[in-house]
Every structure is written in C-alpha cells, then in structure tokens.
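The next part holds the structures, each set out as structure tokens.
Here come two complexes built around chain A, the first alongside chain B, the second alongside chain C.
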Partner chain A sequence: MNDVVRSAKPLGSPTQDPATGRKAERSRIPLVALAGLVVLCALVTVSVANGEIPLPPVEAVKGLFGAGEPGTVLVVQEFRAPRMVAAIVAGAGLAVGGALLQRLFRNPLASPDVMGVTGGASFGAVAMLAAGASQVMMPLAALGGGLLAAVLLGVFGWRSGTSVTRLVLVGLAVQAGLSAAVSFMVVSFPTELAGSALQWTTGSVYGRTWTEVWSAGGAVVVGLVLAFVLHRRLAVLDLGDDSAGTLGLNTHTARLQILVIAIVLASLAAALTGPVAFVALAVPHMVRFLAGPPTAGTLALSALAGAVLLLASDLVAQYLLPVSGLPVGVVTATLGAPWLLVLMIRQSSSVNRSVR
Partner chain B sequence: MPDPRPAAHVLRRVPLFVAGLGALAVCAALSLALGARSVPLSTVWEALTGAAHGPDALVVTGLRVPRTVVALAVGAALGVAGAVVQGITRNPLASPTTLGINAGAGFAVVTAIYALHLTRPVQYVWFAFAGAAAAALFAQALARRAGDLDPVRLALGGTVLQLVLLSWTSTVMLASKRSLDEARFWLAGSLAERPLSVLYPVLPTLVIGLVVALALTPALNALALGDDSAQALGVPVSRIRTVGGLAVVLLAASAVAVAGPLAFIGLAAPHLVRQLLRTSDHRVLVPGCLIAGPLLLLAADILGRLVIRPSELQVGIISAFLGAPLLALLARKVAR
Partner chain C sequence: MTANQLSTHGLDLRYGDRLIVGGLDLVLPGGAVTAVVGPNACGKSTLLRGLTRLLAPAAGTVALDGADIHRMPARALALRMGLLPQQPVTPDAITVEALVRLGRYPHQRLLSPWSAADQQAVEEALRRTGTEELRHQPVDQLSGGQRQRAWIALALAQDTDLLLLDEPTTFLDLRHQLDVLDLVAALHSEAGRTVVMVLHDLGQAARYADHLVVLKDGQLAAAGAPADVLDAELVKSVFDVDCRVIPDPETGTPLVVPKGRAKRHTAVSA
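On to the complex of A and B.
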C-alpha cells in the first residue's frame, strides 16, 4: 500500500533543480492545451461533417452555428451535435472526476471505475431495463445508481472522518457488489435484454438527445466549475493532513467536498454516456506525463484531454471499426490502454524508482 | 515481523485453526445435503459409505460430492493465491482479479465459444486456463523492471489489462448473440455441473502452486518489511516475487478454469484471516487462507442453492454479494 501511496506524489527527477524543473513544466501547459484545443476542433469538424449524408466540413461547421442551408442546419444541430457534445461533456466530467479522486486518495488506481460509481450507474440503468422502462429513463436511473453507490460508500466508509485506505477498500466493495447485481440481472434476462444491457454497461453515446445533453451536460459544467473552485483545497490537502490542518483547513470537510464533486461528475457523465471505461483512469496519467505535476492548469487539461479522448474514440467506433454499432467504451479501452502502458514503461526509469 | 519462536507463534492459533476446519466440515456436510432436492444428513452418510441406494444417494454421490470437492479445491486455490499476491505486491487491495486472471479467462472462453462453437463448461477448461495464465503473465511481464516485479506497475498494468480484456469480451459478445447466450452463465462464475473430471487436468498445477506458496511464506514475511530490509536479511527479493507470481498464476488460473471468474474469494479470504487471527504473518496467513477460501466459497455456493430454490444463483454472484459488505465492514476497521 505504501508504494501505491508514495507513487502518486508529483513526479520529478530528483537530480533536477527544482526551480528550473518547475519552470519547464509550467511552460508546457499552454502548449499542450493549445494542441489539445486544435485536435478537439478538428475532431468536432470531422464529427459534424460525417454521417449518413457526408457534408463538406465548412458547410457542416457553419451549420453547427446555425448558418447555411436549413437542411444542413437540421442534420447537424439535431442529429450530430448532441452526440458530439455528449461525448465532449462526458469525457471532461469523467477525466476531472478521475483526476480529483487520484489526487485525493494519492493512489494512481483510484478512479470512478474502481470506486463503484460507474458500477452504480450500470446498476441503475440495467435495473431500469429489467423493469421495462423506456430509454428516456436510463440516464436518470444511471445518475441515481451512481449516487446510490456514493451513499453506500458514505454509509460503510464513513466513521468519524475520512480515511483513504478505508474509502478505497469500501469503494472496491461497493463496485463488486453492484457489478454482482448487474451480472445477476444479465444472467436472468432473456438474450435480447442481456444484449442491450451489455451495450449500455460498456458505454455508448448512440442516440443522445438535446434534452439529455442539456440537463446532464449543464450539471457537469457546474460540477467542473466547482472542481476548479475547490482546487486550492486539494493543493493544501496534498501537503498532508497535519500541515493542512495547521494552515486552517478542515481536512475532513475539504476531502468530503472534493469526493462528492468527483462522484457527482462521474455519475453525471455516466448518465450521459454509460460507464465508459478507462477515461477516468487513464487521462490523469496522460496529463501528468505531458504537463507535469498536478496544478489547476493540469486539471483543466484533464478535462480537455478527456473530451478529446472520448470524442475521438466515438468517431473511431462510428467509422473505423468493421463491426458497426459497437459501444465507444470498447474503443476507449483499446486506444487508451497502450498509451497508459507506454507511459508506465517510459516513466519507470531506474532513477525514478521511488516515485514510479 | 517474523516471530523468533515460530512454533509458539503458530501454536497459539491452533484453536482458531481447529474451529475453521470444523466450520469447513460443517459447510461440506451442508453442501452435500442441501440443494434443489435436500437430503437428510443420515442419508448423506449412508450414501457416502455406500450403504444407501436410490435417487437421494445418487444425488449425493453423483452431483454433490464432485461439486463439493471442486469447491474445496477452487476455494483453497483462490484464497492462497490472494494471500500470496497481496504479499508479493505489499498491497492489501491486490487480488488474482487485479492481475487480469478473470478477464483473461473470460476473453479466451468467449472467443473460443465464438470461434469454435463450444457449448459445455468442461470444454472451456483449457481455454480458460490459457487465457488466465496468459493475462497474468503479461501483467507481470509489464511490471518487470531490472529483473524485478514493481508492485505499483503490477497493480496498474493488471487493472489496465483487465479493463481492456473486459471490453473486448463485451465486443465479441455484442457481435455474436450466440456467444452472449452461452458465455454469460459461465462468466457469472458457477460450480454447477462440474464433474470431477473438470478438476483432474488442473490438479497438477494446483498442487504445485500450493506447495510453492506454502514454501514461500517465510520469504513473504521478509518482503513485508520492505525490499531493502528483505535484501539485507539475505532474501532474494526479485526471485521470490517472480516465483510467488508464478504460484499465483498456477493457482488462480486453475481455479478460474474450473469454476469461471470468481472475483471475491481471493480478496476477502486474506482479509478475513488477518482480522480473525490478528496477524499478518504469512506462515499463519497462507494456511489460514487454505481454510478460509473454501469456507467462503462453499458457504456462498450453499446459499446460492437455497435463495431461489428450486433454481439456483451462480456462486460468483453470491460471493460478490456476500463479500462486498464483508470487505466494507473490514475496511471500516482499518483505522488509519
């Protein structure tokens, strides 16, 4: 456990002069952010231009902003934009949720996937499927399930304050219990329902509507803003409980606030797209590799990178895979995994032994 | 911390071990007696000694004895594998599952069902074993650095591998309805319809794994002090970790091959033993898991047979349902 805890501290080569090292890392954030924005814009263009009827990219972008032919505007705004925005918002929400949890628990494995939040979302949605409710109810059910997981986490994990080990263990337990419930329902379903349950629990942005995107997306944006507001407390918490207490921060309250924000963000994202694997786990690692130790800037970068990853994966799922209709979760895992593995191998030079 | 007087150390725990064995015997007896067609214990005894004949006796000797034996073997393998993997990674959250064992087996079996049109769990054994072993070895190869396993990389790499394999499994199942229908029952993890012949092919690997794990226990104690201290004590740290990793692969892959993915036993058994015996001495922990693993699995299996009689719930589902609150309660006690 100690190794895991230790490893999540900010990276940095011990031989490097701290001042210069910091400078170099700072200057990288805007550059990476710019690159991320360019990629995001390109992906948005591709996303609105392609579909059943391919459109010229310029026309499509114009249509996105309501200019151009009414037909184009309709196709782009009503059919393609919701899916695209859903992917962006959910990607950002998942990534920031993951980044907050990893930093809060100082554990590189902490993420909504491991802590039961997305498992709760799956549980809610699959339970709705079992009850025979319509597709419209699924995001609400997923949100409810995610919050249920959070409540379970609170009930079992809360005892006179927050202990990191306990919360992670309890999260693991919640995840396991909820996924057992899901697999129980999948086993007892007829094949058709089992298929759609599987589709949903892998995570998909297929057929999102503006109503869902506005409600869940708006809430995600509020959550993101709160995350940035609370970022300062996270930075103080990084100093350790004793120092943070000396600085006048109530560590338990601060940790609880951040935890709640992270869980709500992840549940909302999961309500929008289903529990897309991997974004929350991998993006913070990628950002740390690209832009250095965590700051408010890297938190924003995480949001951007999550959006890029999920949107790109959705495009791959839509247009590049031989089997159509596969959920985006398949692609995020397949694309994100080699990335994360390469990072792991490159980061662990023998110099950095104690910091991974 | 290794006790200077190992004999006394172990002796103090003898009553608890006896109690554990007693509970295991009770569970085994219940496992033979209970089910869709419950049989009185006296008849069970007569059937076992060969004195009774008829449908009840047939149920006991033909179905429940194999099932119970399989549960004992699988539970022991998973429990010990969990203790060893937590020892070599020094991570209480590690379990065979985090090495990608279950996900690897699941993916291999689903692919085999898709490509080769298999229909019975007996046919899955080798695919499951190969998939589980390949996944776990790959996770360990990823975590290997300078001839040693890095615990953090092992946990991270295993989790990554697991997520990828799970999503590929879903892909295959979404692409083919037939695979979904065949595989979803196996993927829940079950002991039903497992004749003893399922166990025979994995028996050698299981026994080798157990022997290696038991032999490693003193070295695992040294590892618990940290790499540097262990090295200073003359323990070949990297070799111990490699051998321990291989033992985990043998044990967990054998278990998964027989029973399908069972997530919780390997994680919960070591925690249970640590809490009950109030020790993290591996010389006590590993034998303790040898009892606690089958105990948990058998109890879950019996419950699965009873809750929705005459049908039954897969043991994988029950064990996760039971294990989750147990782990949550144990976690509450971790006062840190």
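On to the complex of A and C.
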C-alpha cells in the first residue's frame, strides 16, 4: 500500500494545452523510430565497410547481402557481420531487459547490470569455460548464471515490504561478488584460454562467430517477441496488485513471467557480449526522455536504441579511441559510471517508493 | 431473481495471525446499492478485499449467485465484478484514455487486437463519467475529483454487473463527493449495476444506499434498509457517539446529528 501515487498535485499548468501536448508526444514515437533506424543503417554500413581492409561502403553493403565480389562477400559475411549482428541483438536484449525490470520494480536503478544478472551470466559462462565446455554451451551457462544471480538477489535482498533501494544495493553486491569471481577464474586460467575469457570481465563483441550469434541471438529474438506479447500484462501490473487482480490478472504469475523474460534477455545478451554496462540501465531513460511515458511503442524503441548504442560504442572502441583493441564494455562503462551517479543522487532526493 | 447477489457464509479474513473479520454471514442484495459503514479499522476495506478475492478467506466462503468465487477462473470473475481500490496506483504519466483502456483487459485474449466493442465500452465509460474532455490528459495531473472519475471510468470499461468501490469519496471536497455519489446512483438507476461501496459519512450512506451493512470489530452490527437500521442506539453502540437521528430535511432519510460535546456547543443546544 506504500506505492501510492495519489499525490496531491494541482491541476496541470494552464499555459500548456494538454491535447496538443499529447499529440506531439504521440507523433514522437514514429519520428524517433525513423531517426533510430537511419542511424542504425549508417552504423551498419560503417561497421561492414571498415576493418583491416577498408571497403567502399556500397560494395560492403552489397557484400552483406551476398552480392558482389566473392572475396568481399566472404570478408563481410564471415568476419564483420557476426560482430555487428551480435552488437545489435545484444544491445536490443539488454535494453528491453532493463526496461522490463525498471517497470516491474518501479525503480530507475533496477536494471540487469546493476542487479547482478549480467555478472551472473558472465560467471556462468566463465565457469563453463573453465570446465572445458564448448562454445555452444555458453548461452545455457550464461542463462544459468543469470538465474543464479537472481536467486542470490532473492535470498539476500527480498523480504516482503523491502524497499527497492535495498534490493538494488544487494544487487550491486551480488554483481561485485560475481565479477570478482570471474576475474579470479580468468587470472587462474592457462594462458591460451585467458584471451577468450577476457570478454567476460568487461564485455566485448570481438571475434563473434555465426554459431554464437545464431544460438544466443536467436533466443534473444524469441525473448523480445515474448516481451511484446506480454506487454498488455505489464501495463495492467502497472496499476498495482489490487487493480490488476480485480481485472483478472494473476499478478504473481505475470510478474514472474516478465521477470524471467527480463533475466533471459539480459543473460543471453551477456552470453554474446559479456557484462556490457550502461546499456540496460540508460536506454529506457533515454527513450522516456525522447518519446514519452512507457507503452508498447517505447519498448520497441528501447530495443532499437539499445542496438544503436551498443553498435556505436563498439565502433568507437574500434576506430575512434587512440588505444586499439579496447573492448566495447570499457566505452559503455565510461559512459555508465557518471550516469549511475546522477541517478543515485536524483533517487535519494526524491521520495522513495517501495514495492510489495 | 437473485442475479449479482454476493453472500458470505462464516467468513473469516485474516492478515497473518490477526483476525480482521470473523464469522461473517452476509447477503448483499443484487440490483441494489449497498453501503458498508463502520468505525476505522472495523474491517470494511478488508471485507471488500475478501469479496473481490484479493484476500483468501481463512475460513468460510464468498459466493456470487451461489457460486464460490474462489473456485471461479480469475478472468471469469473479472467479467462480472470490478473494484475501485481505496488508493489506486496511477501508472507514470498515463493518460485518462490509456488508463480506461486497461479496463478492457479481461475481455481481451493474449493476442487479440483492440476491437470495436472495446473502443465502444471505453467511449461509454468516458461519457458516463464526464471525462471525455480529459482523455488526453495525464491522470497524475488531474484534480482529486477528476482522477476519481477517471478511475471509475476504468471500472466501467470493465463492463461488469457488479461494482465495488472502496471509499470513493475520501480526499474529495463536498461537491466532488456528491458528484461521485450521484454518478454511482446513476450507474445503478440507468445502467442497472449492482453497487457495493464503503463510505464514511453515515448521512451520505443513508441517502445513496438501498441497503446498509454496519460493521464493528469485524462483526456484523446491523444490516438492512437505512431507515430501518440507522438509529441513535446503533450509532452509540458502534461508533460510541451520542447523537440524535432525525429525518434528513431534503430526502427524509436518516440523518445523524451528534450531540454537542464541547461546552460552547452544549450551551447552544440546551
């Protein structure tokens, strides 16, 4: 009963015409989506055209679709495209996972990278790597790790009436603990494995193969579809348990379904990229800022924006930074740290809402 | 003949170890407006949660037209019974129309698109509650009375024969209290809805309800037509307030007038 929003606000300011305000907001979603798609296409072109052998953009895009010189097709399709697709799919998965968790917990800090899910996914993947499992097992291992983190969070952080702030703090501890375990395992690895294990400490899309992209990426796409199918339930859950219950929604089941989808999305995205920070945390806020309050449309925008952000960050890491070979996770973490600070400060100054 | 009749048999409702409502046998007549009254913490809101299945009974049953509501599928119950909670949670920046559309949830299948019937129910709900002009406004920027009407519109879009309202007039000024109660009365008289509402004001309950349920300490203190049950003795025993009950000069329904207690008041009334 604490999550009351019956705030005694006065009438909307008379200077603002609410009808036109709404219209402007409504028309922003297609506009932002169009802009996002244009940027994404541009980034895809840059991504396939650049590399050890720079290609003319038109040739590279042709090669992406299997047309043009066989050599170009090989380079683009086998070496450049997997990395690009991995960044797009993982970015979308992380962003939608974050958007779902933030709505479910009604807290802007509730995101899979803050609450330990991506750390858990890395932990699972590295543990499997240490056990000598093949690459094909990685998505399953990451998924198991992500669920493990969620269980840890539940055991240590969940009591009925617990404030979400406490949950977030426990999540930070889970994330830190699991990252430490990952680092420990990576340094104790034999040298030939250490290179491939490095992506699990900061997150990277270097050297992705089609096998990985198809297995984890395909599952992420399925998760994204499920998220949209269940969006109506999420909207009803927003009304609080009493109203949702009397509308015929089984709130416990619905919450669990959406929670599991969010964890699956974030874990499988992490199976592709490692624990890339910031995307899941920040994208829902950016979309909210650009396109207004959450709807099914803004959820789709979150997927698009996540893909753009991760692909752009990877290109920055590859070509714009003076140090070569930096993983994309470094770029997103550099952006993410100040963002997290700002959120923390804003969060502590506003009224804390709790969740039952 | 007894359509939309809620009844309880030996109903116990608990929060943890605490017994809130004990051994309640109650019949809420279908096709009528019932008001549930009683002192603070007497179990009014808890009873409403029990009647809507938000709280499972510790013992006893709740039946709708004879069928145990706890054995009905959630969606089937949601097609027959809607609830306006006491303090509903307004989603972030949601508009009135988007809020009201959520009332159609029990009518929709997982992948079914928004239908003409859905839109018609939403339009009807907006029209009845006078919130058509507010449809594009964010609910959290409305005044208390407007917001309450938007929430009632959601319950109307659900299109149920039975409507339960938990203190719909709390936090509203007098005029908006009367607006909401008139709306409820119209829903009953024009749209034939069965209404059960928790109210604080005994005079308003007597004016607007056909049937009065008076609770004290989770027990039934009295039930019946307001003119039959509401008297000075009942108010004394339930609320511990000395009063006179006189006919409302406007409507003739019982009106509770507390006896003066402070000195300046006794001087006048004597």
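One rule holds for everything that comes next: the second predicted complex is superposed on the first by the 247 of 356 C-alpha atoms of A that agree within 3 Å, B and C clash if a C-alpha of one lies under 4 Å from a C-alpha of the other, contacts with A are read in each partner's own complex, and residues count from 1 in each chain.
Going forward, contacts are C-beta pairs under 8 Å (C-beta built on N, C-alpha and C of every residue); 3 or more make two chains touch, one makes a residue touch a chain.
Just so it is clear, the model here is predicted, and its values are computed rather than measured.
Looking at the superposition, the partner that touches the larger set of chain A residues, chain B or chain C, turns out to be B. By the touch criterion defined above, A:G245 lies against chain C but remains apart from chain B after alignment on the C-alpha atoms of chain A. Once chain A of one complex is fitted onto chain A of the other, the partner contacts of A:G292 are limited to chain C, with no touch recorded for chain B. Shared-chain residue A:V236: touches chain C; no touch with chain B. Contact with chain B, but none with chain C, is seen for A:V330 once the two complexes are overlaid on the shared chain.
Applying the stated contact rule after C-alpha superposition, one finds that A:D113 touches chain B and leaves chain C untouched. Of the two partner chains placed by the overlay, only chain B lies in contact with A:A277; chain C stays clear of it. In the superposition on chain A, the residues of chain A contacting both chain B and chain C are 1, 3-4, 7.
Residue ranges on chain A touching chain B, taken from their complex, read 1-4, 7, 108-109, 113-114, 152, 156-157, 159, 163-170, 172-174, 176-177, 179-181, 183-184, 186-187, 191, 194-195, 198-199, 201-202, 277-278, 281-282, 323, 325-327, 329-330, 332-334, 337, 340-341, 344-345, 348, 350, 356. On chain C, the positions that touch chain A within their shared complex are 49, 52-54, 74-79, 81-83, 85, 87-95, 98, 102-103, 105-106, 108, 110-111, 136-138, 140-144, 147, 154, 158, 171. Chain B contributes residues 90-93, 142, 145-146, 150-153, 155-157, 159-161, 163-164, 166-168, 170-171, 173-175, 177, 180-181, 184-185, 187-188, 263-264, 267, 313-314, 316-318, 320-321, 323-332, 334-336 to its touches with chain A in the complex. Residues of chain A touching chain C in their complex: 1, 3-12, 18-19, 21-23, 229, 232, 235-236, 238-243, 245-250, 292-295.
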